[in-house]
Amino acid sequence: MLEFERLIDHHCHGVMPGTLSRAQLEAIISEGHRPVPGCTNFDKPVGMVLRRYCAPVLGLEPHASPEDYMARRTELGGEEASRRLLRASGLTGVLIDTGHRADDILDVPQMADYSGAYAREVVRIEAVMETAARTAGSGEQLLSAFEALLEERSADAIALKSIVAYRTTFDIDQSAPTRAEAAAAGDAWLKSNAASGWRRLEDATLIRHALYVALDICQQRRFPLQLHVGVGDRDVNMPKCDPTVFIPFVLQAEAKDVPLALLHCYPFIQESTWMAEVFSNVYYDIGFTLNFTGPEARKIMEQAMGMGPFFKHLYSSDAFGLAELFYLGRIQFQRTLGAVLSDWIAAGDCTLKDADRIVAMITHGNTERIYRL
Amino acid sequence: MLEFERLIDHHCHGVMPGTLSRAQLEAIISEGHRPVPGCTNFDKPVGMVLRRYCAPVLGLEPHASPEDYMARRTELGGEEASRRLLRASGLTGVLIDTGHRADDILDVPQMADYSGAYAREVVRIEAVMETAARTAGSGEQLLSAFEALLEERSADAIALKSIVAYRTTFDIDQSAPTRAEAAAAGDAWLKSNAASGWRRLEDATLIRHALYVALDICQQRRFPLQLHVGVGDRDVNMPKCDPTVFIPFVLQAEAKDVPLALLHCYPFIQESTWMAEVFSNVYYDIGFTLNFTGPEARKIMEQAMGMGPFFKHLYSSDAFGLAELFYLGRIQFQRTLGAVLSDWIAAGDCTLKDADRIVAMITHGNTERIYRL
Amino acid sequence: MLEFERLIDHHCHGVMPGTLSRAQLEAIISEGHRPVPGCTNFDKPVGMVLRRYCAPVLGLEPHASPEDYMARRTELGGEEASRRLLRASGLTGVLIDTGHRADDILDVPQMADYSGAYAREVVRIEAVMETAARTAGSGEQLLSAFEALLEERSADAIALKSIVAYRTTFDIDQSAPTRAEAAAAGDAWLKSNAASGWRRLEDATLIRHALYVALDICQQRRFPLQLHVGVGDRDVNMPKCDPTVFIPFVLQAEAKDVPLALLHCYPFIQESTWMAEVFSNVYYDIGFTLNFTGPEARKIMEQAMGMGPFFKHLYSSDAFGLAELFYLGRIQFQRTLGAVLSDWIAAGDCTLKDADRIVAMITHGNTERIYRL
């Protein structure tokens, strides 16, 4: 009854080309790096819903065994499997973060081709800074090169993104550094790279500089800044990835009317919905989380629908590498949001018309408004 | 079947007099300060249950549109609307915090008149300190004036309240300062007020002094100290508003047999129920949270019923400004607690007699016991 | 339909011998130290399920009053009551932490006799260090005595356990101290004990030393290290008992292939399941929590089944002192896991065969694998 036709995935990544081995596929459905001998990642919530929902898209019965699933996937070939799953996801648009392992995954036009959706790029500011560092001879050159490159990349982009929470946590000085401070930090990083080998950007001063440059571009172009929050790779310092720790920066962004989209949010979903309630510029999604909680995803959706304004909730899959994660993202989203709203209607808390309006906001309306699609 | 007849709202505020505009009403159902252009606070969980439940009290169909609701409310006039909603709340008693925007809201006798319930005052210690500061000439005078005024205000009050979590967070030295330290801090605040204009009380030393003076009064008068926890205005440093951070002070209060009532508790409800389990003097409510989570409030009640002793759970609406929030507080409380207990009975975990006893404790028994009503 | 026949309780304690008074029994179903006058611990979630489920094991109707329950328990005598409840728990094995109040509770062979299950010992490293300190004359002697004693105790044990979170929190330097640093810390502790009376082990340097000695033994013997997480006695500093704070140590253990079993995990269950997802050596249980959340335990199980791999979830009761807590642990576990999986099957997310495999993993398979039973 509820209408999920127009669905925009506002935060995702490209899929890997080629035909994946079972070990490769199992690695992508985990944020861990080391398999446990004798155990399989199909024995996880995400593995369970993958077998249920993705198997039929490839022409198998639901709950096909991992062996049968991999055999069928190989028979079809990776490209055909990805194309089927992406088409089945029925997406209107995909906003793609190109800043993580870009060489291993399909690019934006390829993703448009595979999915049949319009595809736009989200530029990761830390990746741009790292690109700029490859050729800069001094901290000052680094800043200039970063600014020019970010400006250039932003021209075609739909938004910027920061993974500051990964690199320094949110628990940093959140003011803008002076240009001299940033240049000095750049000098130090470049010198260390030259002396002891390349190290990814982890300097808080440089990242703060990047964040404030990004805020200005977002303000100018009137598009959002996405912020990684909570779960993700295992190198997070979780208590300091609580988005409430970043409120001083949020206030700076609010003063510039720049929307901030909090991504994933687990295990800080209650905190994130509260921030969406009190800050006019805070938006949130539960991408990644819906897929990785499998059959229990509904409880996550209930949290997401608990305190946040309906006009602040966004849809994303946070799929990376695997077309299955796009498809599951859609399925998990539609069935959990549908179940929550059906219960609201059944309890008399909500009319069907209201529920339809809420679905329209979360599936595409909010995204279209803040990304100015 | 379960009996909710005698219900005491142990933490709430006065309602605003006069007839509110839509902008005013929307502002009160948010803790944010800036509306989002093109969006309405009726599109939030609290807005949805407001339309469902409050509309019939004003003579409309459930789910009336925001436009129809505002038109009817204006037609009735603010006073009549407030009287109807407060009477419909069916409260036995209201314990009113008078320390926030006292000039904008009805006073305690007016609230008794509007609601038909007995009304008693809860005195906010930071507000008393700020009043004392208006005329004090020195830190020592400030302390004396504060102590005299708090003593005087306590004579008619039913409890004291602190918003230390807002002003300094819980992450402070939690011992009592010496009188000399407190006086010096008072000197510094008064001097700064004289030199650079009035600033609200945010000095940790003065607030610690106020807390220990309050503890002594509470011990003497055998009444509770309420503590703001977690959600509220946007200027909270959330991770440091976790009530477990305040355990050293809780132990001091326990040694004096002073009950502490943790207010709101979101997103620290699990932590709060655990504290109620391990500290003999810790009580908790989920006021504000039930209203603002709207149709999903039941999951909040489930958390509140998860680990806490039944003899530690209190009822509050935390309504401020708007009579609708009193009415919704009652509805949300009754339907969620009723649903949880009905399920317990259906599952065979609880007899009807036990459930009735639990309702009696939470609706009024615990409150009557610790407030000595 | 689902098979819970073979159930191993991987973390529990002995029961108290003798016939308990009501005050004694009420004290054991609380982590608090002070009763609230006029209130009873039977008016808590754990008290409610105790009356429902344990009463029939002693020959009473479900929901017997506390008075009737105590009268019947006394009539049977403590030993008979304990034997009935432990037998009714139907456990295959019990892994018993002997490091807490060992003189007050039954020992490992007695627990085997009472329960009919095989019983093995888990050695608490802080208790071993405290034993070593009773006779050591210097820090160096302390370290040698600790190492020898831990080696000796480990020969018959099935695992080691640390309560570092209680004693120092997880928020400490997590590297191994040098031997000289540890010996100096030992000297200081022994000197302070001699001068001002015995104090339990709370020195972070000594505990870090103990943890790294324990890791080596665990690696050698290929058995797990259990880690207390979150709830427990009231002297925890809760925000710093978040297991994500201990990730630097977790990485050291992962490098040595030592499984870490996170115990209780409330209120950090979401965090714990995420750690089980990203670290190959992290396991978790929700012992204690299921009992103390009574009728609402299912929501806890839902969290535990939300993101964690099925091959990382373990069963424990964390029962201490009271045979009722063993029985309730089993009941609460079986009914909540059964309910979650039945719903998965009903929703089509899971086949019966898959559900049976998940039950087998959590009830005994995972425990047998990592403890090498």
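Note that the chains are named A, B and C in the order they appear, and that numbering of residues resets to 1 at the start of each chain.
Note that a residue touches a chain if its C-beta (ideal position, glycine included) is under 8 Å from a C-beta of that chain, and two chains touch if they have at least 3 such contacts.
Treat the numbers as computed from the prediction; the structure is a model and nothing was measured.
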Interface sides of chain B and chain C: same vs different residues, half threshold: different
Chain A on chain C, rotation in degrees - Cα superposition, rounded to nearest 5: 120
Intercentroid distance (Cα basis), chain C paired with chain B, Å: 37
Overlap residues in chain B, where contacts from two or more other chains coincide: 239, 299
Contacting residues of chain C [partner chain A, same complex]: 239, 242, 244-245, 247, 254, 270-271, 274, 277-280, 299, 302-303, 305-312, 340, 343-344, 347-351, 354, 357-358, 361, 369
Interfacial residue positions of chain A with respect to chain C in the complex: 30-36, 38-39, 41, 43-45, 48-49, 52, 62-63, 231, 233-234, 236-239, 266-267, 289, 292-296, 299-300
